[in-house]
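Across the two complexes that follow, chain A remains constant while its partner is chain B and subsequently chain C.
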Partner chain A sequence: MNLGTRKILDRSFTVVGITSIMLMATALLVVVVPIFTGGIGAIYFEGTIEHRKLQYNEFGKGDRGAIERQIAETEPYRNEVFRILDAFGDEMETMEPGEKRNYLSKYKKVRKMLSRLLGPLPGDQKPILLRYQYGSTRWEKAEELLHDLMFVTKWDYSNPDEMAKRYFVPRADEFAGTALASLFLYLENNLEKMLLPERTFYWGFLTDRSLDAHIFGGIWAEIQGTFFLAVGAMLFAFPLGVIAAIYFTEYARDNFFTSILRSANSTLAGVPSIVFGLFGLAFFINTIKVSDSKSVLAGSLTLAIMILPTIIRAAEEAILAVPKTYKEASLALGSTKWRTIVTVILPAALPGIITGGIISLGRAAGETAPIIFTAAVSVGATIGLADVFTMPTPALSWNIYNLASEHEAANEIRHVQYGMVLALISIVLLLNLSAILLRARISKKLKG
Partner chain B sequence: MAETTLVGGKKSEAFVLSPEKLRRQRIAKFIGEGFLLTVASFVAIVVLFIFYFVAVDAIPFFQQRGFEEFFTSTGWYPADDPGEFGALAIIYGSGMVTIGSALIAVPLGISAAICLSDVLPFSIRQYAKPVIEMLAAIPSVAYGFFALVIFAPLLQNHGGPILMWAWWLIAGPFVLLAVVVAGDLLTSRQTDESRRKTMRTMLTGVLGVIAVVFLYWVGKTLNAIQILSGTNALNVSLILSFMALPTIVSVSEDSLQAVGRELREGSYALGATRAETLVRTVLPAASSGILAAVILGIMRAIGETMVVWMASGNSSHIPDPWYNYLDSIRTLTATIAGDMGEADQVTGSARYHVLFAMGLLLLVFSFISNLVSERIVIRQRKILSGE
Partner chain C sequence: MQMTVEEKDTDKVASKSGATRDIFLPPERQRVRDGGNPHVMAKNFSIFYGDFEAVKKVSADILSKYVTAIIGPSGCGKSTFLRAINRMNDLIPSCYTTGTLMFDGEDIYGRYTDEVQLRKKIGMVFQKPNPFPKSIFDNIAYGPRLHGVKDKKVLEEIVEKSLRKAALWDEVKDRMERNALGLSGGQQQRLCVARTLAVGPEILLLDEPTSALDPKATAKIEDLIEELRGSYTILIVTHNMQQASRVSDYTMFYYEGDLVEYAPTKQLFTNPRDQVTEDYITGRFS
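The block that comes next holds the complex of A and B.
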């Protein structure tokens, strides 16, 4: 082959390698950045007066006087809307029955959308569900709703070869010539004065309980559930893992039995996470019955056996990284093997062991499949520490799935889902970051 | 043993072990080691328990329904009475996303591993490793959320252009490189230097035009594709490949590092370029370790639940045609996760046990591939250490 071609091949080989690394970094950014920006939206957004009303009524947060003043500010504009509605209602009474029927369903639709925007309208019954008791709490949602109210969405199927095209028709056309026709322009011009959007930091998103299945409120129950499950798993797995690692590194002889134990360890590491879930259900709940049905305890135990191999491996590596001289010096001073392990080797290996522990904690917090059948519920309040033996809990990982795929209003609470994903990713990545930093410090220290 | 006399006539017993004490110490040591051994064997016991308890709940299904239907039928109607439990389409779906993700992750992962072990200087490598660790640390449900909420709509609305751009960016450079190499190889018989040069330029030019036309034609075809649903096998394969990547990269990098300097230096000394050294010498030496990495990565993809559950479309049928990655599919893991909620109330029914049968299938598969990869790694270590 020509030398030039060989050089080109060599260069392109390097380029391919670097590109693949860049591609991985890009993939990380592509996944993390939208989640991050979307998740911020759950905490920092333009909150309307409805948001402040809700906060005051449900959580007792906010300044009552200011809120009442703002409500009074919005009253005249809202009353104008209600006046137009009343005027149209009166007008409908005078119509022919056929014409009235024609308008009635369209009018009902308008009223329904208006109540989503501004809260219950005068003359409506007080709704039972909390989600209908307040109007739009977020300004960007209000703007979407306003658009839906102003325009009717239609689909154009005229070209059978292409997908249907969407187009909009002003809703005012449906009511042309009636009293209601003026409503739409008025809404468009004055919606801001009716809702008074303000930039809001809603830290309560992290610490409030959820209201009406996450339509409003925060995600504290999920955060707490994740915390209980992950810490519970660590309580079981960490001591077991470290002791097993001590056995493997200091006591195990190089024989068939040990190699079987090691094989078992890597087999356990390779078991698909959903199979852990099946095992947890079949063993912890159906066979030894640690609880009557799903519980935090059963979930923690299942997660514990899942992260056990990781902890063992990390602890083994940390112990093996301790310089041999430490051990020899201690033995030469006459201490027993066990004493050497406890007082010399373990303290030296501790940062490394903790690094492995932190990474496993992150894995336990993020894992979903093992807790589906053993610990997670979709809707639930926060549970007390005493309930962990008997009660299931909501958890971030499971509820992200549940809200994104199974929630009845999944499209309307995207901000809550993003917020949850951001919370989960932040927890896991912060844990990993601290592990990485800790490890960097250890390697610096070992180098001297 | 002698007693030591300390200042003030006190006698220290520090180095004195009476037979009584010696015996006690020995017993303590025995008990202690026994305890350590018990804890260490705990993992093996857990593995046995997992096999036992999954199998115990899986066997009733095969007793009730036999093997034939499960492995050969595509009719999956577990809720009907009597239900149909044909898992062929589901097994096929699992295989499909696994192969799809391997096709993306294996070349990418191996080239990244080579880059990390041989190409990049140490200072940059330090920053590249945490990226890979972060990629591995992101919870699967977050990937699933990304696939469902962000990527699926994108694929559905702009599927054609995305495919076209991916084709240009990935295939473009490789095809052009192939043109240059082909031009060089085809003219290498020609001995006259100046004639060879003109021939090569012409040949490369002609091949280049053909290649560009080919690239353009395929790109145009891809651009015209309309993706009906963003939750499909392609979406899942892509996301799964990024989840399998960290495993593949780190295990194959270890294996590349294990190939010593001597082999590399020998190859350089014979005049090989870095690419030639890596492809002809290092990769063959590390091949078994890389194979183990690929197996481990594939296992990660086949056992993954949340991404496929959220973003695969969950429709139990074999795509038409069979290689259509733009069709929705359903996998074993997603079926277990999705159907257990309804089947749980009817414990003891075939509907409940069939999920354990699927779990057993996954478990056996992961066990075998784990065993194989472990054997491979051990063998490589033996060969490289010259035993």
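The block that comes next holds the complex of A and C.
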């Protein structure tokens, strides 16, 4: 090949390489940016007076005096709304029965939406579910609700060849000529004064328990569950994995038995995680009964089996990368094999072993399938350390799926879903970052 | 020299070396300083890697407190022989030996021989300086700690003594806590010698200790061997014939697994009995 062709080939490969890396970076941005912006919304948002009221009542957070002052500030505007409602109620009493029936359902709808916006209306019974006991806690949700209240959504089916078109009709038209007609304009102009939105940093999202199935509150139970599961898995898998790696590299001879063990290890690494989940259910819970039902312990054991091959592989590579000369030097000084492993080989292999361990920890934290059958519950209380042997726990990975697909109000808690995803990604990234830093630190210490 | 002559000579050697395989005791054995005890005795000692016989039926005595150099072309079995003395070849699964190799009246490959205790008495320094990635102090103290020395004072004493013996003390005394990998190659190699001395061995095996070093560092190692002469039995494998003639009292010449000639260094280099030896030391092959 002549020089010109070679140079052109080199250059074109560089272009191809850079293009593929750019593509990956773009894909990463496309994934990460919405997660980040959406997730931040769970912590930083415009919170209304209802949010502050909820925080004070349920978690005892906030300044009571200030909240009461603000509630008093909103009272006049809210009272005006209630006055209009009452006036319309009185007006309905004077109507013909047919006309009254006509208005009643529409009026009920308005009341319902108003109670979602401002909290229970005077004269209503105290709702049982917590989600109906407070109005809209987030300003952007309040604005959406206001829009729904102002306009009736209708669909235009007139053109059979096209999909139906959506259009809005002012709700005020339905009540034209009645006392209620003035309500809508009043609401639009004064909603801000009734809810008093403020920029809020809600750090409690990370440290509060969830209320009423994540409608309010935070994700502490999930974070803690993820932590328990991942750390528990490491407690089992890390020592076992390192011991197995030492056996493979230092003790095992090349025979049939060892090669079977090695291929078993590789096979284990390739098994789909859902299979581990089913195995965990069948073996840990049904067969050896580590717990009566789902528990953190069973989940940790299942995750441990899943990450074991990775840890073994990483530790094996790390041990094999230790220069043979260290081992020779130690043995020549009259050291036993085991002393050599403990005092020379393992310390030198430590960066690699720890890196493998922490990356596995990140994987254990993020896996969903193995814990579905063995440890995870959708909505659960925060459990204590003593309960890990018997109790299941919510966990980030599983609850992300659950909130997005199976929650009855999935559409209203998008911010919680994004918040959970961001929390999980942050945890995994932090773990990986700490692995990199730890590795650099130990390597530097070893190199002198 | 003519090509034909060389070929003829080699043929002659093959038959000749067979004859010299029997126990060979250097003539000056009477002059051995501590009474003339051979420290290591090989009798019909062979080393195999699987089917390959790397060292063939060697019989020789290595004399106590002398420096013995082992020379020979690459792959002649000289390193294999050296590593057999403290059983470092055990690390190679396919390696086994026949014949006997005795150390102080004990069979090195005996069934009840504890190779860990053996290596304590027979220290080894390797081709490439291989300090542990630990501090200088911990490197030297590694051996004594291994053998049960815990007292910090005693350890410090041993470390200082060993470093002084290895002529490294003055260079490192102010930075004992620094990582040993920060030292220069020559310093690292002397550190390895000091580390070996700290265990208190009787024999020092040096496996091409200067092949990775520059001339200046090499000179220092040679000075060090000169210092240690008389206190330890030293075996040194070297590719460098000048080095062998400079530092050793006796020289062994290996060729293709055979111990071809074993004689006082002066005699071997000035008046070799064997033609192959002569060809080798005059640089006709290497």
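To be clear about the criterion, the second predicted complex is superposed on the first by the 418 of 448 C-alpha atoms of A that agree within 3 Å, B and C clash if a C-alpha of one lies under 4 Å from a C-alpha of the other, contacts with A are read in each partner's own complex, and residues count from 1 in each chain.
Please note the rule applied: a contact is a pair of C-beta atoms (placed from the backbone, for glycine too) under 8 Å apart; a residue touches a chain by one contact, two chains touch by 3 or more.
None of these values were measured; they are calculated from a predicted model.
Chain A has more of its residues touched by B than by the other of chain B and chain C. Of the two partner chains, neither chain B nor chain C is touched by A:A72. In the overlay built on the shared chain, the residue A:R339 is in contact with chain C alone; chain B does not reach it. Once the two complexes are overlaid on the shared chain, A:A176 sits clear of chain B and of chain C alike.
Looking at the shared chain after the overlay, A:V421 reaches chain B, while chain C stays out of its contact range. In the superposed model, A:P323 lies in contact with chain C only, and not with chain B. By the document's definition of touching, neither partner reaches A:L385: not chain B, not chain C.
Once the two complexes are laid over each other on the shared chain, residue contacts for A:L331 go to chain C alone; chain B is not touched. When the two structures are aligned on the shared chain, A:L129 is found in touch with neither chain B nor chain C. In the superposition on chain A, chain A positions 334, 336 are in contact with chain B in one complex as well as with chain C in the other.
Against chain A, in their complex, chain B makes its touches with residues 15, 25, 29, 32-33, 35-37, 39-44, 46-47, 49-50, 53-54, 56-57, 108-109, 111-112, 114-116, 119-120, 128, 130-135, 137-146, 148-150, 173, 177, 180-181, 184-185, 188, 200, 226, 242, 245, 249, 273-276, 278-279, 296, 299, 302-306, 309-310, 333, 336-337, 340, 344, 347, 355-356, 359, 362-363, 366-367, 369-371, 374. Those residues of chain A whose C-beta lies close enough to touch chain B in the complex are 1-2, 5-10, 12-21, 23-25, 27-28, 31-32, 34-35, 163, 240, 243-244, 246-248, 251-252, 260-261, 263-279, 281-283, 286-287, 305, 308-309, 312, 334, 336, 338, 359, 362-363, 365-369, 372-373, 397-398, 400-401, 404-405, 414, 417, 421, 424-425, 428-429, 431-432, 436. Chain contact summary for the complex, chain A toward chain C: residues 253-254, 323, 325-336, 339, 343-344, 347-348, 445-448. Against chain A, in their complex, chain C makes its touches with residues 86, 88, 91, 93, 116-120, 123-124, 126, 128, 130-133, 142-143, 146-147, 178-182, 192, 195-196, 199.
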